[in-house]
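The data blocks that follow each hold one structure.
In what comes next, chain A is part of two complexes: it sits with chain B in the first one and with chain C in the second one.
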Partner chain A sequence: MTVKWIGKRMMLGVLVLFIVSFLSFFIMHASPGSSATAYYGGNAQTLTAAEKERISKAFALDRPLPVQYGAWLKQAVQGNLGMSAGVGRPVASILGERLPNTLLLFGVSMFFIIIGSIWLGMTAGMRPGSLLDRGLSAFSIASSSIPAFWLGILFIYLFAVTLGVLPSSGTGSLGGDGGFVDKMKHLIMPASVVVLTHVGLYARFLQESVKAELGSYYVMAARANGVMEREIRRGVLRNAFIPYLNYLGVTIPSFFGGSVIVESLFAWSGLGQLLVRSVMVKDYPLLMGGIMLTGLIVVISLFVIDVLMYMLDPKLRKGELGG
Partner chain B sequence: MKSRKRLIFWCSLLGLILAMTIFSDLLATQPVNEMDLDSVYSPPGEGHLLGTDHLGRDVFSRLVQGGKVTLAVAGLSVALSFVIGVIYGGISGYAGGWTDSVMMRILEALISIPSLIFVLAFQAVMQGGMWGMTFIIGVTGWFTTARIIRSEFIRLKDAEYVKMAKMFGTPVWSILTGHLLRNSLPPLLVVTIFNLAGAVFIEVSLSFLGIGIPPSIPSWGNMLYNAQNDLLIGAWWIGVFPGLLIFLTILSINFIGEALKKSGRGRFHA
Partner chain C sequence: MLEAIGLSVKINGIPVVKDSSFFIPEGKITAVIGESGSGKSMTVAALLRMLPVDAQAYGEICFMGTDLLKATDEEMAVLRKRKFFTIFQDALNSFNPSVKMDRQLYAFSAGRVGDDQDSFQKKMKAILGKLNLSSEILNQYPFELSGGMLQRCMIACALYVKPALLIADEPTSALDKVVQKEFLKWLRLLNESGTTVLIITHDLDVVADAADEMIVMRKGEIVETGAVADILARPTHEYTKRLLDSRF
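So, the complex of A and B:
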């Protein structure tokens, strides 16, 4: 059962990646202009005719679009994403350099969002009618209505320009040793912007499911039987946590989209900034590779959440929900 | 009663912003691209209500004109995604069976991709002006609408009155529009309202990144794009006002959506 379920989820992930690649490939290559030159990279002039022919052949550039897509797919599966047009280096190695920074920002902000929203959501949900309970809904709507980049601009103005306590952008100081402390200093602002614009949303979701659980019969029965409040808390959190996890999964794609913008604002040299830059210079192979990697990260995150839910939710385990 | 008052408040705030942008031609004190190099970076005050930017252009005039662009793009793209979503979700929900499962798998895959990614792919090949942006946001924003419509259609198509209508030989077309679509409107309205907030978000984000509306057309996002550098030299008014308006617009749309959702008009079955 378990193996079958995991296999099914993995297949879905592969399908998602396939659709992503298919759609983005056809969108990008439907445009006029030689896609061949895009694949040669910045060194189109220095390449010999034989080398050009080798690249053309590998990516089937002289063939119709569906054949080209097939060739691209074949190469991509083997890890060859072509040459970047703008930078003139293999796409895979450029992506490799960017990946750790994106994962760092993603991981750190996700960590604080989860910790913060569980704490806020639980505290507010367990005290119906309290100030926190009433305030959280408004805070959640307000904080998710602020464009992240605008909040970022205000932060830069306040902390970097006016107070001068934090660096305004980049992943490390110029001429700095690129050490851990320096990097963390640069991480504070982008990560806080991501956390602040998202934490309310998730906290509110948990708060509402906690409140729903509190009103249910099993809580009433437990209370009537004199079960300790701590035990009730634990039970409620456990039950409210499953829809929360699901919500986390549903929102991860848009969460990831948002971090593209934050990365660009703070010149955080991750995938998002790379994607935006490759759109500007029309570096198709790099853009294609970046899109695929982003898709992969999202698919993996969704898979992790699926597995967690499977472990927590007995109904899912027994296949009652048709997993 | 209290929530009704709140709804009225947010509606009138949004109405005010809309009116301001619709009547922007009357409100604007200067042509949007008129430069006055003698008074660059002049702070808010006399002559220029909200100050001037790095080319001496009047921030207030650009603000009201820019709103027109931003809101028009958002509104039109939401209309487009409404149509696509209703057609896709409607076919999937009404047809059922194999068609439905295939269409739903595809939709599931589409939903799990950040729509910003597709927007970027489109933006790389299209020289997006206003219409380009509208198209791009429209064709990448219909996924939730389709899901809602599909589940509504599935729920409604077995209802007694629909069966009855079929029995009386009502044409399929009028069953679809008159019964199914009509009864799906309340939840659809809520989703569409939230979509509108999302569309404003995407337009301002892309223009802010410098890959949206061309810089020659003022939009709220474009104004913020320029404001990044101005801020570093302390000219806060160039960035703060457009940002504030974006915030208020999205905020009021979200509050209106929340209020409608709560009032029970937007029962979700997704």
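So, the complex of A and C:
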């Protein structure tokens, strides 16, 4: 792996984050209502026009939007995401409190999605026409069609209300009475919902990819020449993983976006829930910080996938695909 | 060496090879010639028991005392590994694009006969040298090599394993005339070392250049068989005469 290649990917990541910040800033300010609302602290009705003007001036909200964006960007590149309009604390500190929970939910869900989809997709793909092969197709349709909020409500009703074995909402605390077990109990339902609503689609993609590879000319040539099946399968899986990883990379942003719904449904104290709340109260500094942090996680995930693709695909390494 | 008796192949009930009987003599180069759709490749697929899922073969194909159509999957796997070697038309796609050539050539040659890496490296490098290929190709990927080089790599593997029967399905159609001549030269060399060769082609020049015996197929039927020299001098079937006329 060359320094040039890594540098190119990192520059691309920075560019993506810049575009995300630009679009987010201007789109959120284009939405109806004043961006100063969150600074009024629920006193919008009682404040006089002069007081409102003073607040706007104090937080530089009266300046033109490009100037505001420039000021925000200048601070952001120095690691200062400003103060939350609603909470009155540094954005970075609020995000820092929420980030571990989001990373835990995202990491655990992604881990089980990847392990589950690789196992299901490989096993089913390697046995065309088998019960697992046909069953996975049906499971994939069901898995991707069930809305996360519906499955979440069903889980809450079943495991929290009826059986009472899992907490219906909340995040749990490692430092609390329940400790690690309590944290895991709170994690089971939201993570299961994320996994079950995604694993089928990824598994189906890998299954089709494996089947397509098994039908390749090189597999026919190898089989006709008595090449060991273990050797053939190793090559098939390697090639099938390349489009699978690509698909994983393309869908990570929407996967991350989808977990926002799950966080809100289970009152999981993560970035998703924070972002939804900051939209409601028009806390733009917090919203911008949250979007940028989410964007950074997606960019890092994509970078890891790019590295894996680079390692697996010799055409990419040899520059045949313009990498 | 190999005899087909009343071989028929049907795809979804439609006959593509009809009641064909032929003999491949040991130690010779036999060519099966015919236009596209004449059933040549389906005949090879039946020999290798690698027909498409919706195809069915009937009759008998006797190879060294075994009826290939009745052999178990395990028996066929052993035959493909120990006795046959098959070269296909599309050399570029005959290799896995993501695996280096040394690993693939090992699987196609030394892996079949149980040689270790050291003897593979020594023996394969010597063979590649004979075929005017640098041993550096072992460290390259298939997409870095030309079609002609990859077809020579296949021949190198065949020279390594020295199979009882080499089946070459349209091996020269993707090659230019110069490389084609070279390829046929190596095919003859392999034949001289004791391998029986069955070559499938639609090119009469290839037959005239390399083969001892020929089988002419048309619309799934064998219309003429015999020594190449005899058929080229005195064709009896109208289709063979037309083939010969179209050559000049």
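The definition used in the following text is that the second predicted complex is superposed on the first by the 283 of 323 C-alpha atoms of A that agree within 3 Å, B and C clash if a C-alpha of one lies under 4 Å from a C-alpha of the other, contacts with A are read in each partner's own complex, and residues count from 1 in each chain.
Keep in mind that, in the parts below, contacts are C-beta pairs under 8 Å (C-beta built on N, C-alpha and C of every residue); 3 or more make two chains touch, one makes a residue touch a chain.
From a predicted model like this one, the values you see are computed outputs, not experimental measurements.
Applying the stated clash criterion after superposition on chain A shows that chain B and chain C can sit side by side.
When the two structures are aligned on the shared chain, A:Met280 is found in touch with chain B, with no touch to chain C. Of the two partner chains placed around the shared chain by superposition, chain C is the only one that A:Pro314 touches, whereas chain B remains out of contact.
Residue contacts after overlaying the shared chain place A:Ser24 against chain B, while chain C stays out of touching range. With both structures placed on the common chain, the touch criterion links A:Leu15 to chain B but leaves chain C unconnected. In the superposed model, A:Met228 lies in contact with chain C only, and not with chain B. Note on chain A: of its two partners chain C and chain B, the one contacting more of its residues is B.
Of the two partner chains placed by the overlay, only chain B lies in contact with A:Phe256; chain C stays clear of it. Fitting both structures onto chain A leaves chain B and chain C with a minimum C-alpha separation of 17 Å.
When the two complexes are laid over each other on chain A, chain A has no residue in contact with both chain B and chain C. Touching chain A in their complex are the following residues of chain C: 48, 50, 77-78, 80-82, 84-86, 88, 90, 93-100, 107-108, 111-112, 141, 143-144, 157.
Contact residues of chain B toward chain A in the complex are 105-106, 108-118, 120-126, 197, 201, 204-205, 208-211, 224, 227-228, 231-232, 234, 236, 239-240, 243, 246-247, 250-251, 254-255, 258. Residues of chain A that touch chain C in their complex: 216-218, 220-228, 231, 235, 238-239, 242, 312-315, 318, 320.
Touching chain B in their complex are the following residues of chain A: 12, 15-16, 19-20, 23-24, 27-28, 30-31, 141-142, 144-147, 149-150, 153-154, 156-157, 161, 168, 250, 253-254, 256-258, 260-261, 264-265, 275-276, 278-280, 282, 284, 287, 291, 294-295, 298-299, 302.
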